[in-house]
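When the chains are written out, they are named A, B, C, D and E in that same order, and each has its own residue count from 1.
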Amino acid sequence: MTSPGLEQILFISAALFFIGMYGFFTRRNLITMLMSIELILNSVNLNFIAFNKYVWPDKMDGLFFTLFIIAIAAAEAAVAIAIIINLYRSHQSVDVESAENLKY
Amino acid sequence: MTGSTIIFYLLAALTLVSGVLSVTTRHIFRAAIYLLFTLIGIAGIYFWMQYEFIAAVQIVVYAGGIAVLIIFSIFLTQQAGEKLPKQKMERKIFSALAVFCGFALTMVQVLQHEFPVSVAPVTSPSVNDIGRQMLNVEESGFALPFEVISMLLLAAMVGCIVIAMREKRENLNTEQKNIKRIPNDT
Amino acid sequence: MNLLLLLCIPLITSLAILPVRSRAMVRWISLFGSVAQLAAAVFLFFAYNQERDTGNTAVVLFEDHFKFISNPEINFHFGVDGIAVAMILLTSFVLVAGVLVSWKIEKMTREFYFLLLLLALGAFGFFISLDLFVLFFFLEISVIPKYLLIGIWGSGKKEYAANKLALMLMGGSALILVGILLLYFNAGHTFDVLQLSHTNINGQLQKTVFPLLFIGFGVFTALFPFHTWVPDGHSSAPTAGSMFLAGISMKLGGYGCLRIATFLLPEGAREYANIIIILSAIAILYGAFATMMQKDLKYINAYSSVSHVGFSLLGIGMLTQTAFTGALLQMVSHGVMTALFFAVIGIIYDRTHTRQVNEMGGLMKLLPFTMTAFFIVGLCSLGLPGLSGFVAEMTVFVGSWENADAFHRIATIAACVSIVVTAVYILRAIGKVAMGPLFVNNITKGMESNSMKDATWNEKLALIILIGGILAIGIMPEWLNKLLKPSAEMIMNRFTGN
Amino acid sequence: MNNLSYIALIPLLPLAGFVLLGLLGKKYFGKAAGIIGTLFLFISAALAFYTAYQYFSSGFNGVYQPVIAFKYTWLQFSENLSIDMGLYLDSISMMMIVVVTLISLMVHIYSLGYMKREERFSTYYAYLGLFTFSMLGLVLSSNIFQIYMFWELVGVSSYLLIGFYYDKPSAVAACKKAFIVTRFADLGFLIGILVLSYVSGSLDFNTMIQTLTQPESSTLKTAVASSFLGVSAVTWGGLLIFMGGAGKSAMFPLHIWLPDAMEGPTPVSALIHAATMVVAGVYLVARLFPIFAITTPVVLEVIGWVGAISAVIAAIIACTQTDIKRVLAYSTMSQIGFMMFALGVSKYGGEAGLGFTASMFHLFTHAMFKALLFLGAGAVIHYVHSNEMKDMGGLRKSMPITHITFLIACLAIAGFPFLSGFFSKEEILLAAYQHNAAIYWIALFTSGLTAFYMFRLYFSIFWNREHLAHSEIQTYKKSEGPFVMMLPLIILAIGAAAAGYIPFGKYVSTDGRPLESHFDLSFSILPVVLGIAGIVSAWIMYKKQNPLPDKLSSSFGALYKASYHKFYIDEIYLFITKKVIFNLIGRPAAWFDKNVVDGMVNLTGNATQWLSGRIKKFQSGKLQSYTLLYLMAAVVMAAIIIYVWK
Amino acid sequence: MSDFFLIMKQELAVTAIIFFLLIVKIAGKSKNVEWLPWIQLLLLLNFIGGFFFIQSGTLFADMYHTNGLLAFQKNILSLGVYLISLLCSDWLKKSEHLPEFFLLMCSSLLGMFLLISSGNLLMFYLSLELASIPVAAMANFDLHKKSASEGAMKLIFISAFASAVLLFGISLIYGATGTISFDSLAQVVTDNPLQILAFVFFFTAFTFKLSVVPFHLWTADVYEGAPIATTSYLSVISKGAVAFIFITVLYKVFAPLETVWYWMLVVLSVLTMLIGNLFALRQQNIKRFLAFSSIAQVGFILVAITGTGVDSMASVTYFILIYVFSNLAAFGVAAIISEKTGKENIDEYKGLYKTNPFLSWMLAIALFSLAGIPPTAGFFGKLFLLTAGSVKGNFWLILIAGLNMVISLFYYLKIVRAVFMDKNENPVEKVLVNGYAKMGLVICAAGIILAGLIGPLYDYIRELITIFF
């Protein structure tokens, strides 16, 4: 085990990114899918912070990016949950496979 | 192996393991809790990197905000004790494959890439700096994005209100008037 | 003579009928407009001749420039040479006749005439344009009117036919478009035909672009094997639509093949001349033989159009001045002739409600005027001297014979053979329809007292106009020959390098 | 002869008649149309006679030079090649305009009576005018393309006239057949024109003949050298042109249209299918005779043999036909065969050109007596309302004028001494005798047959049975026909009797120099005896009803049957056109178009539709599939660019 | 400071409208419908105002910049929004949440404005989110329709997914180059593998927004589910803005990677045209049909983008302008019919001409323009796209595009045929078109006819581009 640095953090973030992806692809419950999205966004945040710290510490671009992403994630989650709740009202379900009428 | 290293790996393990569990467990509450753990783990890593402000925001917004939002929405939509529906094996395999390929490709590229070694001293940004830059309109200021975010939050708020607070149906016919889909398998 | 006049008259007429409510008014306005257009065309003809007589040897006369777009450089560049003048004359003749035969259309009259005039507008614009882009624009304008005319006012499997026509023509246009763009980007960034003709276009490019343009325009003019829209399209279209399709629209393609593709790309033309000859010889014979088997009058004329247009293309492929002239004569002749043919068929169909030759006979007794026109057009189609078809075909043959090698000879002889086959199917049609005992739809008795009336005044007028055209070319061909020949010579000069 | 352009009026007057009657006839003239048409033609005929008289009376130094009276460029193909409308006056064209206008005038007059009950009387006269115009234009042509044009025009007027009774299906079929068969022959003519015009560089007769008959000229040398299938270009040209002539003149094997053409009104048959149009082929060969004779003797040989074969075959068939017009049709074919082979055995220049003169002579006399025969037959048909021999017999009393004139014509055609046919036929036989013995013997045999079948016809009509089966005819008909019908018969009978005394050799010869007359009575004995033998045998068999003909026919058996069925040539053609061309070319072409070419287009459409149906499952409606595909696409794209493409 | 107002005047105007709407919503007591004309007026003023006092400039360091070209492009978008407000007025009048709808639409429009004006990746990302999140809410505005919530759900999830991928790409770009500013990125971008990977992830955000195959799958579902007002907004405005910034980003920022994205574009454009067309062939729902047709149109836009910067920008700007007219006219007719009769199926359009000639002609003109047939402007639009695309000499691409035009003609004609030729026992009844919608349609038709025939328009656009691009 080497001392942790950029590469380790990038590994974590990439892993988290694709774990989130996996969740997004396989979870049928819309809320859990939303959770997967949050995971993915977190991994991106981690990336930004890591790059900011280890590679480009002279400016705070990455940090700000992360801040804004967090804000947007919140907004996005809010809208998504509103839509999910509305969907739940009309479909009586939050299963993504219950909403597959629009196709072909 | 220093203590900091050990802490880092512990945090990493916490993050990844609870991340994996969060997307695989079939109990939705557990998934939410695992998500919370992951978020806290990431916050820990921020702390570890001495980005305390971000770590704080992470805990406040994510652990405190989004996670709660999610848990509330779980309450709204989920019967207690109900297990999550199973996904088809095929889909799981394909997803795992695609995800693995993506991960491998990304890691290979990231590891192969030689990131420039930073020359500037590693300092953790102070909250003061962050605040000053946030509202600065000059070079390296983020006033405009700040305003944009405010507009976005306004719009999102309005949108959420409209959608989530729908009124009682006045006209039941609207449902019948739904598009009559004609199967177009011809 | 300001060429814009030729665009303005149909445009104004078509716009003028839009707000009109009364059917009769629409008809008269259209007729007035088309007659005005005919007058303008005739005036153009005389003005052109006069200008030439005074020794003006410019490639095109009455040039006009209007800037349209500067990059890519597109200008409204108008001008006419003898070929265009002839085509404009042809188009206006057919336009007047088309307006006249459609007099009885009750269904959406206004829209019908609007589309008819729009179609004519496209043709006029096409013939006077000297800018490839504008030319293409006008060529494309005519697609939609055709589609709607067939689809709305047509008969039979009209939707299928309209679709096929629109799609095939669009496919041809796609090829033309690529060809035009290739030329634009590789030959001096200009769409101007005259400028391009002065540009030295390298051989490889010519060989690439020529097939694109030729096949593209060829689709419009029923080049074998891209002719299948012709039978269906023609037979489903309303009378005036068929007249326009065969009389004008197919000429757009022929004009493009010769005046654009061959003129701009002589080396390309030389490279592919033999293929053109083979295809057109096949088309001539194959079209003729296929016609023999048809039972529907419109199909007969449609397939015979494939065969006749083959002569035009054969003339183009032969690459001699006489053959070029012949090709052009054939275009004009075929235009008038086939329009007349369709007009006659339309009149017959109006009376008998059938187009199957087996379902009628002896109509000479009831419809003597129409049947006389039918005789004339049939005889013209089989190349009787004194009618236009003869002049054109003979010129093509003589021109083709100027190539002394066996290949060209065999192709020419093959084309000649078609005049016999043409005689077979034309006489068969005439024999079945006009002659023999009188009957329609198997009703034999009481036909004499049938309410079937011969052509009405408008139809008579239309027929007379077109017959006049046929006779004018057939009896005194030299005026047309003189008009076309210098222009053909100009195209030929591209080959001989003068 | 100064201003000759008035000659243009000769063809143009009938044209004017056509236009006038065609456009206005029915409405405005009614029955007067016939008079108007006849009047136009009368003027035209008068002019023609005047012109001919002038021409022949003022021959220069015994040589009748061709004169081009008028020329106008109708269509300029290229620098050298143009179609000119001209009037070419030489001895044969002069002779022809006389024949054409005379016969046409006779037919015009005759038709005033014959056709008067027709509803489309004016149309008929219009067509006659058109035909006369075309025929005169044809004979006066100065340009080979001009002749081709008028050639087509006579074809079409013949078509119109054959199909005059258009509601009769047989007439419709006949006119179609006539047109298509001659059209097929014209195809050869056209290609021949192209060949000759290419090698000679001109379409003008004079220039063309000049370049192609000078052995030294370089164009000719190259033309002779360039060959196709072992035959030189000029020969091909000649053969193809002859093909056109053979078609129009109903030479074997392109003769099948002629008998059917008898569906037309009988005066039309007299005019077109006996006297004028059918000899156009002979005229064409005569027109280009120098080329045939000097440059392409092979073709001339072919012409000779084709003529001889046609003559004999037609004669044999004529012996067995029962329709009187068909008998006459085959006899026409046979006589034209005579003219053809006379040309075929002729040589160019001087006395060797006897065949040419004889041919033209025979053309002239034949026009007289054959027109007479047809008009007479017309009168008979008019009288009995039937074409069949079995409906006739014993008519000599009720139709005296017809009987006498018919007899004169029969004698003339049979070569009875001192009637016109005798002189011309003797000349032909002499020419054949001098140059080609085989043809001579064939011709001799044929002339015997001619006498036989003509008198078979004569006896069957006018003798045979004394009392007509159709008794009602006798009660209805008192007169054999109006005066306008009898007058032409009489005039033509005079012509048929006397035309032989015209010193033809003086006027018409290959090179324009007069021929000396070679009339040798001793030579004539054999043909005359044969002729009389024919007449006698016909007298025995057909004067009275007796079983002899039936016996004879059964004893000939197969030959009789074959002859009766016209040697099955029609059937062969029918097989070729219906079975071979329709089924093997037409049908497959139509099928190919409908299924393959069209099929390709439809297939493209259907394939697109099918493909669109196949790929629809990508649009599954499943959000997670969409995103999965999204990621995969991104990863694959990146991987390809990084690992493959770079 | 006055510079600030002038430079950002379009954004400020939209912001003002947003606040106006907010006040209307909060303070307004009466029925919201009464506000519709006023809102339309404001949108019209917004559009007209865009033409005056145009000033170029850069603000907030390099985060925001504008110039005549961008102002023109923003005007096109404003015009589109105005037209939507006219065309969908029937639907809007019935809506319970009229001010909110406009508020969201204007927010999104503001996002678009900022998007095409953005000068760094952060602004790019934020304005993209600002542009897309309200649309997701808008998609759900038919609150009681199942399909609407399904469409909205798909849209929000897939756009969240797409922005996540985009962010991952941006983070890698940031990691590799250390900058998020477009200007400095242009200096430092190279084609090392990590940057290519990052670029591809970044690139997918555009292809997703433009619905390029294979990132298009959401399009049809969302278009079908969403109310037509939203659908037309998505298909025209959103696409237009993204196309503009796409070209800018490719040619201004990632120019060093041109060889990479050139071939990506070629392949994707062929795929997009083909798949879009093939799917459009078999659609029955008019909205879904238009969705696929707009996918195919995007393929043509991509063809143009393979050319050079100036050419592609000029032709795409011009095309989008025409596309605004054509597509909105088509959607407008669909909206009117759907709103009045509930019929959205193409089969139900049969015999429309008999009862509704005006709507039929409008639809026909729009479809012909979409198919690229003269004399409609669509012809010129398509032609300039292809001309731009052939600058580099890749004529196979042009040929394929041409053949795809044939396929597209087939399905456009299918509707024309249904409307004009097919017989129907039970056609769409006579629809009373209200004045606003009529006006909107007439504006569209005039635009379709005139935009092509007025040559100087293209020259003007091109001139703007040569100056500012």
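Keep this in mind: contacts are C-beta pairs under 8 Å (C-beta built on N, C-alpha and C of every residue); 3 or more make two chains touch, one makes a residue touch a chain.
Small disclaimer: the values here were computed from a predicted structure and weren't measured.
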Chains touching both chain B and chain C: D, E
Most central chain, judged by mean C-alpha position against the global CA mean: C
Farthest chain relative to chain D (centres taken as mean CA coordinates): B
Chain C and chain D: spacing of chain centres that average the CA atoms, whole Å: 36
Whole-Å gap separating chain D and chain E, where each centre is the average of the chain's CA atoms: 77
Chain B and chain D, separation of their C-alpha mean positions in angstrom: 100
Rounded Å distance, chain A centre to chain B centre (Cα mean): 3
Sites on chain E at which at least two other chains make contact: 122, 126, 129, 133, 136-137, 140, 143-147, 152-154, 157, 161, 172, 175, 178, 193, 197, 220-221, 224, 282, 410
Residues of chain A whose C-beta touches two or more other chains: 10, 17, 20-21, 24-26, 33-34, 50-51, 55-56, 59, 64, 68, 72, 75-76, 79, 82-84, 86, 89, 96-97, 99-104
Residues within chain D bordering two or more other chains: 605, 613, 616, 619, 621, 623-625, 627-628, 631, 634, 638, 642
Interchain contacts, given as pairs of chains that touch: A-B, A-D, A-E, B-D, B-E, C-D, C-E, D-E
Chain D-touching residues of chain B, taken from the complex the two chains share: 91, 94-95, 98-99, 101-102, 105, 109, 185-186
Chain D residues touching chain E - in the complex, by the definition given at the top: 605, 608-609, 611-613, 615-616, 618-619, 621, 623, 625-627, 629-631, 633-634, 637-638, 641-642, 645-646
Residues of chain A that touch chain B when the two form their complex: 1, 3-4, 6-12, 14-23, 25-29, 31-32, 34-36, 38-39, 42, 45-46, 49-51, 53-60, 63-64, 66-68, 70-79, 81-86, 88-89, 94-95, 97, 101, 104
Interfacial residue positions of chain C with respect to chain D in the complex: 164, 167-168, 225, 227-229, 231-232, 286, 289-290, 292-294, 303, 321-322, 325, 362, 364-365, 379, 382-386, 390-391, 394-395, 397-399, 401-402, 404, 406, 412-413, 416-417, 419-420, 423-424, 427-428, 431, 434-438, 476-478, 481, 485
Chain D to chain C touching residues, read off their complex: 73-78, 81, 83, 145, 148-150, 152-153, 156, 159, 163, 166-167, 169, 171-173, 175-176, 179-180, 183-184, 186-187, 190-191, 194-195, 197-198, 228, 582, 585-587, 589-590, 592-593, 597-598, 600-601, 605
